[in-house]
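A short write-up of the structure that comes next.
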Amino acid sequence: MTRVDSRNFNQIRKIKFTRNFIKHAEGSCLIELGDTKVICTASVEESLPVFLRGKNSGWITAEYGMLPRSTETRIQRDRISGRTFEIQRLIARALRSVVDLNKLGERTVWVDCDVMQADGGTRTASITGGFIALADCLANMKEEGRIKEMPILHYLAAISVGIFEQNLILDLNYYEDCRAEIDMNVVMNSDFELVEIQGTAEKGSFSKKVLDSMHDLARLGVKEIIKAERDLLKDILVI
Amino acid sequence: MTRVDSRNFNQIRKIKFTRNFIKHAEGSCLIELGDTKVICTASVEESLPVFLRGKNSGWITAEYGMLPRSTETRIQRDRISGRTFEIQRLIARALRSVVDLNKLGERTVWVDCDVMQADGGTRTASITGGFIALADCLANMKEEGRIKEMPILHYLAAISVGIFEQNLILDLNYYEDCRAEIDMNVVMNSDFELVEIQGTAEKGSFSKKVLDSMHDLARLGVKEIIKAERDLLKDILVI
Amino acid sequence: MTRVDSRNFNQIRKIKFTRNFIKHAEGSCLIELGDTKVICTASVEESLPVFLRGKNSGWITAEYGMLPRSTETRIQRDRISGRTFEIQRLIARALRSVVDLNKLGERTVWVDCDVMQADGGTRTASITGGFIALADCLANMKEEGRIKEMPILHYLAAISVGIFEQNLILDLNYYEDCRAEIDMNVVMNSDFELVEIQGTAEKGSFSKKVLDSMHDLARLGVKEIIKAERDLLKDILVI
Amino acid sequence: MTRVDSRNFNQIRKIKFTRNFIKHAEGSCLIELGDTKVICTASVEESLPVFLRGKNSGWITAEYGMLPRSTETRIQRDRISGRTFEIQRLIARALRSVVDLNKLGERTVWVDCDVMQADGGTRTASITGGFIALADCLANMKEEGRIKEMPILHYLAAISVGIFEQNLILDLNYYEDCRAEIDMNVVMNSDFELVEIQGTAEKGSFSKKVLDSMHDLARLGVKEIIKAERDLLKDILVI
Amino acid sequence: MTRVDSRNFNQIRKIKFTRNFIKHAEGSCLIELGDTKVICTASVEESLPVFLRGKNSGWITAEYGMLPRSTETRIQRDRISGRTFEIQRLIARALRSVVDLNKLGERTVWVDCDVMQADGGTRTASITGGFIALADCLANMKEEGRIKEMPILHYLAAISVGIFEQNLILDLNYYEDCRAEIDMNVVMNSDFELVEIQGTAEKGSFSKKVLDSMHDLARLGVKEIIKAERDLLKDILVI
Amino acid sequence: MTRVDSRNFNQIRKIKFTRNFIKHAEGSCLIELGDTKVICTASVEESLPVFLRGKNSGWITAEYGMLPRSTETRIQRDRISGRTFEIQRLIARALRSVVDLNKLGERTVWVDCDVMQADGGTRTASITGGFIALADCLANMKEEGRIKEMPILHYLAAISVGIFEQNLILDLNYYEDCRAEIDMNVVMNSDFELVEIQGTAEKGSFSKKVLDSMHDLARLGVKEIIKAERDLLKDILVI
């Protein structure tokens, strides 16, 4: 099988990180995963949602948006779809899984992921890029003495796998995503343990054996991304 | 390990279906899964969303709600949370996976799942109960001659599994759900193939081996529920 | 005249109460008035709206909802109509009229009335069922020592009357309600004094004499319901 | 008993109508009932709501608003309260009761009642003033040949009555309205038949005998207002 | 050139102020500028928006609305257009420019401008009328001892100018406004200095020379209005 | 006077255009004006708003947004302020002024301006950048044969001027903008005629002489930007 962009089935798209892309944010990163481009920023707010106060613990929350013309057809600006809510809950959960919230203090970190250009994989790119923005934000907080040590426990990365025309493929672009029979998003940490796994049969269903294969392929993709992250963040994150 | 409600780790709660619970709906079912009670109705609308018209195919959509006092603390009526959107997208996807939409004709079936009393597993109960309501609705349509044959391809059921105090358990109630380290929802059809799998590490992460064990336990739960469904629907659904 | 469901003109539909229907609520009641079924819950909130604070008095408020498929044609979930607001104001006013709010303490009781199945008379059923849920809620509060004595001053019941094909009838079902010339809702307490009277000419107008007859017929209906309530609540309410 | 503004118990406040107050509207009227001032306009729209089309009948709908500073304390502009919905449904129902909708043709008349200054009785003033605006609007339509004859069947007026410090009073101002034990709005046509009656015990309850007295007093008030209306509209409405 | 209402190019429409038009407001004014009629009220709130607290300074904010039938075609009540926001920001900025906010104390004055009848120039009439309402409001506050001295620094007035069929004209009515090539709103204080100038080419563009001419003509209009204001407010404002 | 970023009073910030920044849009441009960065896209929709249909003319509309962390303090995502509406109306008006809408055909062009990083002048950068995106979009349409000729009549540019510590300055950055006494936005076409002029006294007022000086300085800035635009677009726009 040849993929529409000539990649091998087990090849992720070219990934590029631009740290400190937005000067106002405590941490920020432009992530480019092929033609998918997401601006991720991390912002500190010195307060907590009411239900979390007084527990000596911090919180990380995420928001996800798409610029109106990030997609082939323009999206109306005020249409926050159910998909949006689903994605921002996923991003936030994933990021919290690798942070020791007790070491964060009673504050909230807002991670905003705004898609400038969408070509499939915007949610996995948001998690990966959001992790970089968060790491930089926490490093800045440490430097300023607001926290004593980096509260990050593991590296984190996300990738999609799927079944497309009955072939297993890694990191689906938009063309593949629309046509895939099965679509799965995997979030893993640097121990290659699962943080989140969401597999959906868009058409039909899939066996346990297919689940296994998809897991293994995703693991390969995550490995490659985490390698890139280690390289990128070696100045601030030694774990 | 003994569970708070004395069940074995691999035991689902008592499940009870009341078909035709709401007289106005084309199909309806009250599902009780332990103390979780959900009213599911299926309603036919003789039109399609704009983007689906003219394709000789039908559509199934789902909505999910909770009565204000279905939970321990009253929920404000107008708070549609992100969680709601996520759940209704899941229910609808799962139901569509077992229906031949071409045989439905150019119409929409709305499946409403309203939680009267919540004690964990409301989304899996909604999928299972929604399937019963949908089957009855389609059987009625067949009897009225609006469709020629039952367009249902497989039985469908959903169940949760999790890791609670490091033990694997099936069908978490609310007490267990709040405290679980890992939480996974599995939707399977009567071929025991996966339609949807969503596993989340609420604390930490989980290995591939744990994923395998959770899958196998969920399969057991699904088997039991589908057996009950076959018994219940034997008058209308022979597949 | 024979009514569509064979009742006499002065006969109410079969009424059935299921107390403690929802386990989480401080008080709850499923009321069935013929085919009309309403879940009523009463929830205590240990605070007051801003404008009522510091007056040594409590508050009772009500909310009313309809499940999407409670009616013949599915209602869209987010459509809160003007009718809804009107009904919830009516329910709350009626309930407050029989409670000594000073004895409630500085807290709010929320009474939620959610229609599962609608067949006319949902607002009167909500008032009657809401009264039962409220009574149980207050009895629970007394037992827990949060209030010293039951603050209920009277029993309360509501019923509709109307003119249908020029005949006076009691307790209109949906079929009759849609076709009635005159429609009147009456809320009375156990002294058979009026708490609320709302008469509307859907077509034309009505004389004072007709008003008198409708009042007298409604009084009969209320008498019967209050008798049932006394029987039901004799363990907690001796007035 | 002397009332705070020196009126007798059975005396309505000075009433003043200014016809054609707003030049753009097909019909308009400024009604002043003591210090209560409401601008009423009637606007024709050559279409009907979807559910009413094709029935050879027209429709009348009403909207009610309050200017932010019409009240003692400024109201926030975007707060449409439940009370608002209740009032606009009441106004529209009352106006429809005196119009032959078949003679209106397939069009909608919008009656807007905007309170400039509120001093009690804004809903009754809106009905009375809305009737004048509607009459002028229909007369204009007749003159333009859009309808063949005036479709108005009766004059229409509304007034409040109440029990204040145990005295029966007519046409409550804001001071009385806030303190009244019982409050009743009565809408009657020129046959002195009831179109709408809404009585509420704000504190306690009231007997049938009190209902009778309130009805009779309201009838007196309506009589006086309809006399003024006949005088005002004699050029356009001969019924 | 003759204008549609026979005015000279440099003539403003008849202007009329009715002070204390609404009894509840601390200050109020009905301004009529030809057929444009705007009710302006000024209301004091003894608090400040969060971001302004603790600076020993007050705040003035404005809201602008149109009654549904103030225009030729009825406007839907809930449609707050972008135009509305633009106008209320303009009114508020203009009013703040002539008030010493430090002398106001830590409170907010809300100026509401509600258009009863629109015939062009509603935003300039709102600024002028809002100024009168504000002055009366501040005079009342001074009399009550809430402020020590009148914090008004200058008189304030606004007027429109434009190019219509290539002719320069002052104070455009609706007919002219819709057809003008250039439209400019000018707000000036009693030193004839500019507080705001907003010129827009609805068709094409305009030269600096045209800008100069429009400025000079607007100055004439402002002069005339401020003369009327001085006359009107001589009892409370001596500057 | 030395400016905080060492510019001369009459010097604009470094301006940089990246054409075709977003692959999906018919036209797009990233404009950087110093640290202000705005993504502008132009999207074609083959329909018109209802009120413009059937006039053989097209329409250009604009939307403006800010990413949550484009500013020093994070902005909540759902807060569309009045300022937003004001800016998008300004952008759209300005762009329409240089396009022959009749040559556009019955279609709408949506120009979206999304601020990635804000440092003053976001609305002027949006107009300038929006013009580039629009030009590219129209050139693409021409190439595809959807329009016969480029409907652009003039180049267009916008710049701010102001009075800061009593000095006249060009192109205010955020630091200057917050502290300026007078702030004026000027939009001009390539004939150096005014399309829009909006001057505001944030504190006090300004004389006609100051208006003249601000105009002349703005003209200088516009001249420089239009020179850059001519250079940039010489492949598609020869006017």
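All chains are identified by letter, namely A, B, C, D, E and F, in their written order; residue positions are counted from 1 within each chain.
In this text, a contact is a pair of C-beta atoms (placed from the backbone, for glycine too) under 8 Å apart; a residue touches a chain by one contact, two chains touch by 3 or more.
Please read these numbers as outputs of a predicted model, since none were measured by experiment.
Common neighbours of chain A and chain D under the contact rule above are absent.
Shared contact partners of chain A and chain E comprise F.
Look at the CA centroids: the one farthest from the centroid of chain B belongs to E.
Taking the mean of the C-alpha atoms as each chain's centre, chain B and chain C sit 34 Å apart. Averaged C-alpha coordinates give centres for chain C and chain D that are 28 Å from one another.
Chain C and chain F have Cα centroids lying 60 Å from one another. Note: centroid distance chain D to chain F, computed from Cα atoms, is 51 Å.
In chain F, no residue touches two or more other chains. Viewed as a contact network, the protein chains form a single closed ring in which every chain touches exactly two others.
On the side of chain C, the complex with chain B involves touching residues 22-25, 28, 35, 39, 41, 43, 45, 63, 65, 67-72, 74, 77-78, 80, 110, 112, 114, 116-118. Residues of chain C touching chain D in their complex: 81-83, 85-86, 88-89, 93, 97, 154, 188-189, 191, 193-208, 211, 215.
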